[in-house]
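Below are the structure tokens for one structure; questions will follow.
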Amino acid sequence: MKLIKDIWFKRRDIVSEGFDESLEYISKLIPLKIHKISSGTKCWTWKVPEKWGIKEGYIEDLKGNRLLDLKDHPLHVLSYSLPVNKVVSKEELMKHLHTDPKRPGAISFKFKYYERDWGFCIQHNKLKKFTKDKYKVFIGSKFEKGALKVGDFTIKGKSNEIIVVVAHLCHPAMANDDLSGVSVLVDVAKKLKKKNNYYTYKFLLLPETIGSIAYLSQNEDIIPKMKCGIFLEMLGNGNIHALQLSRQGSTRLDRVAEYIMKKKLDNFRKGLFRKVVCNDEMVFNGPGLDIPMISISRYPYPEYHTSDDNLKIISEKKLVESRDLVLEILDIMDSDYIPKRKFKGPVFLSGYGLWVDWQENPKLSENIEQIMLRLEGDKSVFDIAEELDMDYREVRSYLDGFYKNNLIEKKNGSFKN
Amino acid sequence: MKLIKDIWFKRRDIVSEGFDESLEYISKLIPLKIHKISSGTKCWTWKVPEKWGIKEGYIEDLKGNRLLDLKDHPLHVLSYSLPVNKVVSKEELMKHLHTDPKRPGAISFKFKYYERDWGFCIQHNKLKKFTKDKYKVFIGSKFEKGALKVGDFTIKGKSNEIIVVVAHLCHPAMANDDLSGVSVLVDVAKKLKKKNNYYTYKFLLLPETIGSIAYLSQNEDIIPKMKCGIFLEMLGNGNIHALQLSRQGSTRLDRVAEYIMKKKLDNFRKGLFRKVVCNDEMVFNGPGLDIPMISISRYPYPEYHTSDDNLKIISEKKLVESRDLVLEILDIMDSDYIPKRKFKGPVFLSGYGLWVDWQENPKLSENIEQIMLRLEGDKSVFDIAEELDMDYREVRSYLDGFYKNNLIEKKNGSFKN
Amino acid sequence: MKLIKDIWFKRRDIVSEGFDESLEYISKLIPLKIHKISSGTKCWTWKVPEKWGIKEGYIEDLKGNRLLDLKDHPLHVLSYSLPVNKVVSKEELMKHLHTDPKRPGAISFKFKYYERDWGFCIQHNKLKKFTKDKYKVFIGSKFEKGALKVGDFTIKGKSNEIIVVVAHLCHPAMANDDLSGVSVLVDVAKKLKKKNNYYTYKFLLLPETIGSIAYLSQNEDIIPKMKCGIFLEMLGNGNIHALQLSRQGSTRLDRVAEYIMKKKLDNFRKGLFRKVVCNDEMVFNGPGLDIPMISISRYPYPEYHTSDDNLKIISEKKLVESRDLVLEILDIMDSDYIPKRKFKGPVFLSGYGLWVDWQENPKLSENIEQIMLRLEGDKSVFDIAEELDMDYREVRSYLDGFYKNNLIEKKNGSFKN
């Protein structure tokens, strides 16, 4: 939460000083390696844009009365707007004013990263103040060669296989989209750092879409190591959680995430790939890469992409709930193993202290046979718990008893997605 | 239509002069190769029957009053009837008179190609005129060694793989069954002749069942080249179209035919193999051959296999509608290709002129990502259009843009059925 | 039935004199090979228990009035009870008295084969007679080294593949559970002995669970030869039949059993593996063996595991019905074959005497084409009959006609489960 308060109002445009400063800030919380990809670098079918900066921007009538001033709010100038300095007719000005009529009291967030234009963003209900025929428009933006930056915190595990967790750090003066995702990511990273993990975890903070494309296209060797990923976004607002499945739709991570949400949450919604909310999963899980990536969000919320997406809508409690959810999902992913039978016939349970009294634990007692029938090496502990609708930790703990008695062997992490 | 008018009243029995003359007639419209298979030739488990002809046939009372005369209608004598010339009791005669009680005013069409007998066909409501005890019966039919004939028009395409289109030319004095199919076949053949086709097309005109068996058993080398086929029959009457699926039931041709019928027709019905109407698909798509063959008809119709199946029930408009349907189906079959991605990551659309404005074409715009995710070389343009419920030509035209930008390669026609 | 009458009241504990005598009795009906596995033998994760015997057992008040005496009923002492000879408080006694409160007038059947204790079984409504403070308890049981015995009758067939039929011979003084299964097994064995079988049949009579484990663990070479099996149990009572599927759930035997039950019985119920009644299928069809084993029973019945499970609840008619059911199932299993087409195209039926008149046999006539389309060597006669919902014998007899005409070849028994 402190992170969000400290950096939310910065001009975190995709390649910008504000973005760079924010990465610096976070690297004090978790040790980040910063990848830099220069403006103009060809990234598959894309190209890294210039660094963009702006100090001044306003609209005045010809008497010098300011109707809009960048100083009042960072959103007032279109992100990546071309510079402009001229007198225009009202008619022309209106083509360059962006509003959100559904939320008339808020400044809308708009950008033109690739099809360039100049423009301002303004509250819809302020349009009526433009009563004159001509206006002076000034946008003092600068385009210069710079470098797109990606923050990367990697925790090495026993396996080289990577689970990647991603959030985007861009969007100027916006709190929930996506500093809430960044905040949850940082907290999850801190917790995992203290654990002895099976998988390698990579946490990436980047500008949306182009950041993923730039990083992955310049580091193609890492793609085959990525087993699956989670995109975190818009997690501080009051809505229920939304699980967006990976393109594959039923990988282990999809199933674990749904299993945990069912167990832990009163309510959540689930949607197909790209049918809940669109983000960098289209890169990771897209053509030629196809790393299964789910996204976890609390989308939608009414303040989306306006100046109302600010600290007021963020709740610490929601962030903590989301963090715990992600940790539970990763705990199963990390601790799951495939139990492989070494015995023949039904096990003589009481001879090994594995008998379970029906009256003490009816569900486990009833399911022991079913567990015993699933130890052929083709199902993991999670698969078994999911199939029998049992608690993952209880099944794991019961099978650990089999392991101690040399009745099964364990295979870690080598299971299919 | 002219074709139907010109030859419908001929005695087109399965091996007969009338059949041969009809083939001659059609070979003036499209250049036919005529295959001849002699009477008695062993064809798998079957044998080609003799050529059958008849000039005279009647029933008289003993005073010489004719109650039935072949001169009045070609259907009056059972097709392939044995010759007879004797006086019989009324009781015996009745065993040899064939009627259709459901359509008492029409002469029924009956045949005994293999289990031989003599017989007449007559309107059911004329039976009451047979009030005498004895009758003179005369059938001057002749069985002689001849040749079953099959008309074959082949249009060579880029590929040696054949799509076969079949209709039967037999059934004396019948218009809809199946000169309507013959007429549509001829019109389709004329159109395809003018095109530059990918597949090779073979159009076959033959006597029902035995014609297919005779032709294929004597030309077995052609069977593996046949990719799929369409049987055309009973297409001039007023009923809606009926699509009978191939035995496989979901080959590419089944799916394309259903896709086109859904798009182009207000209404049609669909049935499993041999559950709509039975014809030569049991040969082509039967044991040991198994070439997927759909049938397209307007079955059923009340005049079926009676003298009421005449020019009155045939509509030019229906024939044209059916022809266009077949052409649309074959157009997709022929022009479809597999687009295979050469790019990585989502494509930077605006950089290639592939951006589609949501307001101009919402359906295409919404589906671009879904199209991009289906270019792995396992789906054809049609597969994509079908999955996304889009127009085939629109998807093909959009992907042609990818091809021009060197973003995909094309594989023609090599896809599975 | 005579078998049940003759041996039902014996003390057939799992390793006991009564069990051995019962095997002797049955070996006069069918020639049994007796397998002996000594007490203490390690059998996978289990161990063969000692032989257990008892002559005397009673409860007296301190004045010598007997409140319970083994002489009155073999069930009065817990099977495998430890010996005891002491005076105990009423409170302690009560912990060692086993009753069935749901059936208060009957003595309950209880056992402690592995977790040892002493104990008596008594009618629930006799508990109120225990009004004194102290009682003399005497159980003169003996544990000694002996041998668990398994009766094995094998009928050699053309194939070495084995179909195994199993029933358990243990449970003292109980008629339906499972001498009814034993009786049906013996009758089935007698019938099959007279036939010329394709499969080898093995009939096993053994003590429940430990008998299967002991036999199979000491004869592991036989396991891979066992194709599938049937457990027979509780078949003399009045309830409808219950088919418990194998773990696999849809093997050929599962499907044949269900097919026959549907055809022959007005009503039956079907349940998943271990969801109807639990028995030795958990050994045969369990971890490391996985021989598909169905069970056929008439479970449940109210007298289960009490002294009311006696001759009164057994009906000869029910036993015969069950025996005939098992014979029908095995008849299909044994006589089924895969017909493989040698012809091409639809067969010219009338040329081979294979024409079927629609009016004489509409169902067969309608299905001839469907049969002809299923002769590719991937379906057995039973598969075809099941798919077309036809009578197995009718399809087999029709296809035998194809075989006689050299239109198909036959492959026996090599089909998948």
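Think of it as A, B and C in the order they're written, each chain with its own count starting at 1.
Just so we're on the same page, a residue touches a chain if its C-beta (ideal position, glycine included) is under 8 Å from a C-beta of that chain, and two chains touch if they have at least 3 such contacts.
Keep in mind the model is a prediction, meaning the values are calculated, not measured.
Taking CA atoms, the transformation carrying chain A onto chain C includes a rotation by 120°, reported to the nearest 5.
Where chain A touches chain B, under half of the residue numbers in use are shared by the two copies, so each contributes mostly different positions. Chain A and chain B have Cα centroids separated by 58 Å.
Counting partner chains per residue, chain B has no residue touching two or more of them.
For chain B in complex with chain C, the residues that touch the partner chain are 43-47, 114-115, 209, 213, 216-217, 247, 274, 282-283, 286-289. Those residues of chain A that touch chain C in the complex are listed here as 341, 343-348, 350-352, 369-370, 372-373, 375-376, 407.
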